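Got a structure for you, written out below as structure tokens; questions coming shortly.
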Amino acid sequence: MVMKKLINDPKNVVNEAVAGFEAAHGDIVRVSHDPMFIARSDAPVQGKVGIVSGGGSGHEPLHGGFVGYGMLDAAVPGAVFTSPTPDPILAATQAVDGGAGVLHIVKNYTGDVLNFETAADLAGAEGIEVRAVIINDDVAVKDSLYTAGRRGVAGTVLVEKITGAAAERGEDLDTVVAIAEKVNSRVRTMGVALTPCVVPHAGEPSFVLADDEIEIGIGIHGEPGRERIKLEPADAIVDRLLGPILEDLPFVSGDEVLLFVNGLGGTPQIELYIVFRRAAEVLAEKGITVTRSLVGNYTTSLEMAGTSISVLKLDDELTGLWDAPVQTAALRWGR
Amino acid sequence: MVMKKLINDPKNVVNEAVAGFEAAHGDIVRVSHDPMFIARSDAPVQGKVGIVSGGGSGHEPLHGGFVGYGMLDAAVPGAVFTSPTPDPILAATQAVDGGAGVLHIVKNYTGDVLNFETAADLAGAEGIEVRAVIINDDVAVKDSLYTAGRRGVAGTVLVEKITGAAAERGEDLDTVVAIAEKVNSRVRTMGVALTPCVVPHAGEPSFVLADDEIEIGIGIHGEPGRERIKLEPADAIVDRLLGPILEDLPFVSGDEVLLFVNGLGGTPQIELYIVFRRAAEVLAEKGITVTRSLVGNYTTSLEMAGTSISVLKLDDELTGLWDAPVQTAALRWGR
Amino acid sequence: MTLNDQPNSALADAAPRLDAAWTVRWIRRSAEVLAANRAALNTLDREIGDGDHGENMDRGFQAVLPKLDALAEGTTPGAVLKLVATTLISTVGGAAGPLYGTAFLKAAGAVGAAESVDAAALVVLLTAARDGIVLRGKAEEGDKTMIDAWTPAVNAASSAQAAGSAVGTVLLAAADAAADGAQATEPLVARKGRASYLGERAIGHRDPGSQSTLLLLRAAADVLATA
Amino acid sequence: MTLNDQPNSALADAAPRLDAAWTVRWIRRSAEVLAANRAALNTLDREIGDGDHGENMDRGFQAVLPKLDALAEGTTPGAVLKLVATTLISTVGGAAGPLYGTAFLKAAGAVGAAESVDAAALVVLLTAARDGIVLRGKAEEGDKTMIDAWTPAVNAASSAQAAGSAVGTVLLAAADAAADGAQATEPLVARKGRASYLGERAIGHRDPGSQSTLLLLRAAADVLATA
């Protein structure tokens, strides 16, 4: 079977997409091609904590789409589903260092953690104070003692937005780190895949689901989740995802939350809203109030069909930072 | 084969999605469920020309995602891929009438045109001045004399944004109509499908493409286009789409344009940017300057994989209106 | 012609005039037939349109059914037709909704307040329905639309009535002509509706609207025959 | 044990010390073998990871090749290993990049500026490489990672050297033990890396990193054997 994608050479997928991103969003970002990273057009912002994220490509708009005022200072795209190497992470860190230190927001995958770690060591050796916050919001991986730990998935977007707002309003590195950790500690996510995706250089689906099977607890690289079950109505699937999310924190009656229904890339928006409807209904039944919402393709797995639900427990501080102006290619309000 | 969608009953897809949309975006819109339409939360805005669009569902965020300050006053969603009936169009028209008349933005499909026509007649009988602008930006349909005319596709988003800005700044109905017609007359679009989509109540793909076939000139309901060819590299496909677009207006050296690469629903963003890169390159070679850009899933065909390219010839007036603040679920800047 | 297409003149002439009860039975039968043909019409529409014609027609006629139950005693054919018209307009959507809606509306207008319809009035009714569709959709014969079923049906009805046939025979003539007309859309390139985007690729496929027209007119003849 | 896994002691002991030329030949052979096994490693990784391990390793070693050409005359094994380390770190990415990068870096450190490596130094080199991976990745034996190939390899090399074997035999022992170790990952549940998310579902699949470790160590033995 021929792989059906709008690409040229699989080897050039990331390069060309980044070039397209640069052409489309030159008002917001500038791009370094080698080493490859995407930075705010006005980086470094003197006196501001710099925020760098990154990871394998294929999750767009994560992370490049979130570079700009009020969010990330730079994003470092690796090959598809492969962590970037330390060199571009170091270069991005240097490029956004405004003298107030740099935060690395890293999704919890061995490769990402190790490569960011190496880059941080190298940056430290050059006198840049670098701190890392590891995002691990995925409740699908049950027992963290016998695994590489929980994975970082769509909750990353919320960490990046809120932490970016804190840095933008001038908080120092300790405070920015604390806020990133706070968001990470209060957000829980679980996803479901209806179909797999095809990594361009692989040319074949990363896993196979029967016509009537879905994968509950899917990872954003197609890593398997909790269980493979027969296709169910959307409401039943939402209940399967929300249950473990709500139990885990736990979220309780009286909580105010941000409800984030994320598309994995191949699921139409009309379905995401069907999911949102049921999730909001379940939360309401439990006395949990949705005060902020986000619906759309924000942390994708190429063309995978499916969704993830994230719930973030808000307080006045986080709500205020969420509402603060942001101007990126993929998330924008207030300016 | 089981249809793989995050839905409950196919009959409730639109209802439930609209309910989810309402739950997620209550700050921007209010929803009437029967007759079904989505209106700005502050409608009617007294003294402002009301702008209503609508059409079959399945193209989300078109049109509901574009309801809000600076764009649409109301959107009327029909069943999936089926024009709404006159009743909700009339109700939406009444709901947004602020005394300055109402513009209907209608994509050129027989069903849409006829149902909006009937609604306009009924609204007129109630003393509301209604004008319609029919959008027909799709260059894939070659000879308009022997067809129902060119189809309205992704260019509709640009018409809605720019016309909405004109209405928001207080232009009268004649001027708003003239601007809508101006945008429509200066925008050209052509699309390509890599895979078909499945309408929920049908349960089967609306057309079949071989594993290595693509459809050049696809319509947003899966209507066939110009030709069915073997899969090609992205750059070659972009060239096939841009050629007819540029010839048609024609766009010439020295033009300033808005370049809009639209995803049809199932194509990952990374591919859309590969398409954008090539399109921008071709325009640059021809001396056409891209001064504004839009990339993303804005006029979709459920989960269809593919893209459409729209080019809009700008001038100072249109650029200013494009840049004006907009606050909708799917397009937002400046507030 | 299939067996089903054979006129059955003995039964056809059983009732000389069409009254409100017949009109209601016709619409009920149409709803039945459209429900049964929902998937088939969707398939025709999927081939050269967007695959929803069966869905649309079924939704509309199912919406009519409960309203028929609520009709007052002593209603007229015109009142029934008008009820069908407004219901189709507000429930079918797509191209077919306004087109069939207008057809029934014009048909209602043509029969006015009459208590029943004879063969001559039937021809007037069918003509008005067809003219309503043309008024809205601007299709000509040969454009590969429902008009390609309607116009032969109107012509055949008119000839049959001119030759002195009773309503049953007139209806059968209309249905038979619609069947031929629907079949005759198959080799055509479309010039109206979604199928027009297909160019040559529409050749070999029957227009779904011509098929639903045939089903409606056949139902009209059938309910009379089995009354 | 397949035929390929048989030690060939006659040839293995042909060269008593490993010099810079051998190191370059080893890396070139590794690049060849990894390119040839690119798809196979991707497949292993697709089964219990994200399908890119072959891609990653191939990208890294291909990036090393042109740099080998540019190496000065009279270089040392340590300098070659360091070049490999920095190139892998900056081109492989994923988990394997920092892990193999650190392994080669620590190996380079272990041999220092020596012009060649004897059996004892080889054991030190392999041990340092393995320890570097553990330092970064914190995996223990049985976690179903590349460590499950490295640790048996280091142990076998150490025993062979203690028994007085020359470098060739030590390398063959290491490669053979890595082969057994890689195979032994198959029944395991993973506790590190992406495969750890699979729980029981990882059972029956070989860890891709243990396989690439086997390929690297086998290449080391082979280039000596065919020198």
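A, B, C and D label the chains in the order they appear, each numbered from 1.
Convention: a contact is a pair of C-beta atoms (placed from the backbone, for glycine too) under 8 Å apart; a residue touches a chain by one contact, two chains touch by 3 or more.
On a predicted model such as this, the values are computed, not experimentally measured, just so you know.
Following the contact convention of this document, no chain is adjacent to both chain C and chain D. Centroid analysis (C-alpha atoms only) places D farthest from chain B.
Look at where the CA atoms of chain A average out and do the same for chain B: the two points lie 28 Å apart. Measuring from the averaged C-alpha position of chain A to that of chain C gives a distance of 56 Å.
Measuring from the averaged C-alpha position of chain B to that of chain C gives a distance of 33 Å. For chain A, the set of residues that touch two or more other chains comprises 80. With chains as nodes and touching pairs as edges, the resulting graph is an open line. By the definition given earlier, chain contacts exist for A-B, A-D, B-C. Every residue of chain B that touches chain A in the complex is listed here, in rising order: 1-2, 4-9, 13-14, 16-21, 23-25, 57-58, 60-61, 65, 80, 194-195, 197, 211-212, 214, 231, 233-235, 237, 259, 261, 265-278, 280, 290, 293, 295, 297, 300, 302-303, 305-307, 327, 329, 332-335.
Within the complex formed with chain A, the chain D residues making contact are 42, 46, 49-52, 55-56, 59, 89-99, 101, 136-137, 189-194, 196-198, 201.
Put simply, chain A touches chain D in their complex at residues 56, 78-87, 109-111, 114-115, 117-118, 140-141, 146-148, 151, 199, 201-202, 204, 206-207, 219, 221-225.
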